[in-house]
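The structure under discussion is supplied below as structure tokens; questions concerning it will follow.
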Amino acid sequence: MFQYEKKLQYPVRIKTPNPKLASLIITQYGGPDGELGASLRYLSQRFSMPYPELKGLLTDIGTEELGHLEMIGTIVYQLTRNLSEEDIKQAGFDAYFVDHTTGVYPASSAGVPFNAFSIAVKGDVLTDLHEDLAAEQKARTTYDNILRFCDDPDVKDAIKFLRQREVVHYQRFGEGLRLATERLNSRNFYAFNPSFDAR
Amino acid sequence: MFQYEKKLQYPVRIKTPNPKLASLIITQYGGPDGELGASLRYLSQRFSMPYPELKGLLTDIGTEELGHLEMIGTIVYQLTRNLSEEDIKQAGFDAYFVDHTTGVYPASSAGVPFNAFSIAVKGDVLTDLHEDLAAEQKARTTYDNILRFCDDPDVKDAIKFLRQREVVHYQRFGEGLRLATERLNSRNFYAFNPSFDAR
Amino acid sequence: MFQYEKKLQYPVRIKTPNPKLASLIITQYGGPDGELGASLRYLSQRFSMPYPELKGLLTDIGTEELGHLEMIGTIVYQLTRNLSEEDIKQAGFDAYFVDHTTGVYPASSAGVPFNAFSIAVKGDVLTDLHEDLAAEQKARTTYDNILRFCDDPDVKDAIKFLRQREVVHYQRFGEGLRLATERLNSRNFYAFNPSFDAR
Amino acid sequence: MFQYEKKLQYPVRIKTPNPKLASLIITQYGGPDGELGASLRYLSQRFSMPYPELKGLLTDIGTEELGHLEMIGTIVYQLTRNLSEEDIKQAGFDAYFVDHTTGVYPASSAGVPFNAFSIAVKGDVLTDLHEDLAAEQKARTTYDNILRFCDDPDVKDAIKFLRQREVVHYQRFGEGLRLATERLNSRNFYAFNPSFDAR
Amino acid sequence: MFQYEKKLQYPVRIKTPNPKLASLIITQYGGPDGELGASLRYLSQRFSMPYPELKGLLTDIGTEELGHLEMIGTIVYQLTRNLSEEDIKQAGFDAYFVDHTTGVYPASSAGVPFNAFSIAVKGDVLTDLHEDLAAEQKARTTYDNILRFCDDPDVKDAIKFLRQREVVHYQRFGEGLRLATERLNSRNFYAFNPSFDAR
Amino acid sequence: MFQYEKKLQYPVRIKTPNPKLASLIITQYGGPDGELGASLRYLSQRFSMPYPELKGLLTDIGTEELGHLEMIGTIVYQLTRNLSEEDIKQAGFDAYFVDHTTGVYPASSAGVPFNAFSIAVKGDVLTDLHEDLAAEQKARTTYDNILRFCDDPDVKDAIKFLRQREVVHYQRFGEGLRLATERLNSRNFYAFNPSFDAR
């Protein structure tokens, strides 16, 4: 079970509203490679993960991603405070606003609601870890792209923190994959499940 | 941010695998009225909720639902342990198994991946609370229906616990709605946002 | 069965095209809380509704919502008449236009096609009525938001009519819920299905 | 606007429940080529249809399809009355039942919620009529397939009526296409929009 | 099986980037009536097509549409080369860019990922051919609409080529339908499957 | 552009129909980790891939996957030939049959239409290659799972061929990743984009 601790993993204090930027960053809330997908992927995969260290790894990172989801939600919320109707229109935020006001809804930057098609749980140790390595790279790329549109140092700072965490997670999943392939006694660097290959 | 506590909110100890039952119960993992949708709805709505008590309520219940998601995942996992290929075929679990082995994937009992179209975040105090009251009733109905197909007391016990929590949440959201309508100084029992009605 | 009467429930006579506004209002045609979802929800729920008064209520409101769908379609159509290519580009209506010209297609303001994931039919008297109360509040909020972007009195007038009808429907569903809870002889204000609670 | 007339277009009186058959027939409620899609397609296309006869044709057939939607809903409802839990399980109706009890929900036979991706509104006279001709053939094929699984004469009779209406609609859309091509003064039997071809 | 030939069916040499236009044209890559849907529809339908000439027709056109998909991808790619961050923002291309950088992803102009709900494979000779005739008209309309927003002769030239091919395909499917109805010995111009009508 | 060569990459000659098995294998036609997604992913990623060798690799493998899509379609088609209505019902193939007869439609084993949410094109060399490595592992796992339900040596043989090709593709993408990281002069085995890390 989960306990909520009333603080963000990393502080978010944005002084200047910017609904246009909010509409881009929201993709890390509910878009194809965002934090919701990340936490859901890892917290779902852990049930069938046979090795305790890897189960723990998935739980740790999945739980941290829930905190990142909260950070992204906070960024989106702070970027959309105190907007006039004119601000909303000029930023092209009206299509979102009409359906959600300034509530934080899990959608991509294109406005498409979150869809679990974007995550995989295959129930295979090596496959799930590959999925996770790819997921971290995809999230990292999205943060790279977001950073290109951020001028506000308050936003940049939080996004850079989140991007850095994806790099760390990628490395941890890489170590996890090494550990798993050793256990599976594979002689293949690319890590296939030997029990199947032996059939 | 969230802390993971290594225990379930309520113990799940299922002795007898039953993949058919697992394929029904999974709808409370990733189906339209399941625990993923519940936690995501409440944890998303809280950003724009203006009253601290209601923000706290959404955070509390949203966090608890994450623990319910974990319980459902555990039930599904335990119900699908040690299956033979014959068990899988006879239970009609093969369509799921082919894509997810015995990994726990957020889908409905029909096998449709989770879709955030099934939740609403409208950024309006009264509307979001009505959405939440309806959500709890929908989850309650799904648990009612699941109970009709459960013979195993181990499963029944956990599902009844979860169903009971939905009833409690419904009551708490009902109190929240009363609190909100008082604040909004509405004379209308059905609770419209007076600032809009006054325009 | 249904008869078409060749007039709108409330007249729509818009003199000035405004494709930007059309692209927002269309969310009440095919968006998550729009009139298509409303009529489909009520007209679907009525099959399993056991009480004749409530079955009639769902049929009445569901049929009226079909007329609202027609009104919204008419508004969108009138707002997109006689556009030059320049008008379309400046309004950002081109993404829609490329796929639908000025045809009226059931999508949200973000351009996402209608998806029945946004409605629930649970086959439980109390749950379906709660779903309906929430639906009316969600539609009301969307109309509130649309009104913030309407300067044209011709559009405003029709939208206000539609918004007002949602308030009336909400009240009627509230009465329906009272009626249902009395029948179910519930002593619980929050209206659970006693047959299940008694098990 | 629409008026509801309290009778079905064609009587449905099914004496014997058959949840398995219900789960197939529901695809004509909310599946890709069902009556919901049909009515929504025609009632949406009519806004931009320039010729009064064709606008009238779309309105007529669209309205009739709403009545067919009601008939299909009634068939599904009558086929799922008075079921025991055992009946539900044996028919494989449990995946549906868990989420909708015996409520009638717009989904395909595979259990996928209705999605407007399955209909097109292109705002072009000839294209929309071709879409409609194809739609009637698709619905006709689905009814053909349903008939292969119907032994019950009560069900067969209603399905045959519905199938026959699709044939009639197809013929009427064929006449509509001829009328449209004459108006567009096309010399091409296959009916291209000459104004575009002349550019 | 397929062989790749390292040239486009028709040359694409765009000198001037135009991300706004790219975001419209991409709908023919992954939108509801685009080239991906076209090739997938025809290459899928051919398995169950009983007549060798029609199977060959579906294979030919389906394979050609794969080449059109490549052409559209090339157009989108060339229109988005060498963009500055300012170009991206001004063109409203940022919502796409955040998730895909300048990779070519199968989505509609609204940003909705490709969904096979937009194609039908009904396994009935006449129905599948009607679906195909409608598909060609829908693609033709989309190209008509794209042409209204193209000033660049390099783009216009390629789009006109693609539009013209849809007209040719429409005619070939029309001939295919005639051939099929003759084989089925139908006396009905509108081409129903007589084996079913005779039942 | 593509040329169709009238033979399968590997022969498929199935003597015994088996609609149940067809309904599982179809997930490799249109399911989340199937051949359609594979070819679409690689053939889409190649536009923005900067290195000719890797562009060639994506084109080669993407083209081969089109041939695998054809093989899977052929397997599904051959497994569903000459079925009686009784065969269809007993195999639970009726939900599919009602909507598609024995046409081959891109859906998952659960019957959910293909959705491009299941593939990523991120426009970043390293990320796209990681996506591809994960994709091959996911496809490999699905084939592993399919093999558990195959008794028919005719089917097994073709599936094993396809599974083996995924292993080869995985290795080739692994080499591609090594090549890319060398070019990017990364000292990090886990392959981050140094230009971004250096900022």
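Observations on the structure shown:
All chains are identified by letter, namely A, B, C, D, E and F, in their written order; residue positions are counted from 1 within each chain.
Going forward, a residue touches a chain if its C-beta (ideal position, glycine included) is under 8 Å from a C-beta of that chain, and two chains touch if they have at least 3 such contacts.
Since this is a predicted model, take the numbers as computed values, not measurements.
Taking B-D and C-D together, the pair of chains sharing more C-beta contacts is C-D. Under half of the residue numbers found at the subunit D and subunit F interface occur in both copies, marking it as a different-residue contact. Across the assembly, the mean Cα position most removed from that of subunit F is the one of C.
Taking each chain's centre as the mean of its C-alpha atoms, the one that lies farthest from the centre of subunit B is E. Mean C-alpha position of subunit D lies 26 Å from that of subunit E. Centres computed as Cα averages put subunit C at a distance of 34 Å from subunit E.
With each centre defined as the average position of its C-alpha atoms, the distance from subunit C to subunit F rounds to 41 Å. Annotation for subunit F: residues touching 2 or more other chains are 32-33, 92, 99, 101, 107, 110-113, 115, 117, 120, 122-124, 141-142.
Two chains count as a pair here when they touch; such pairs are A-B, A-C, A-E, A-F, B-C, B-D, B-F, C-D, C-E, D-E, D-F, E-F. Touching subunit C in their complex are the following residues of subunit D: 1-5, 7-9, 29-30, 36, 40, 43-45, 47-48, 59-60, 63-64, 66-67, 69-70, 73-74, 76-77, 99-107, 113-117, 119-124, 128. Interface residues of subunit B facing subunit F in the complex, by the touch rule stated above, are 85, 88-89, 92, 94-99, 101, 107, 110-113.
Of all the residues in subunit B, the ones that touch subunit D in their complex are 23-24, 27, 31-33, 92, 108-112, 141-142, 145-146, 148-149.
Those residues of subunit B whose C-beta lies close enough to touch subunit C in the complex are 32-33, 115, 117-118, 120, 122-124, 126-127, 130-131, 133-134, 137-138, 140-142, 144, 147, 167, 170-171, 174, 189-190, 192-193, 196-197, 199.
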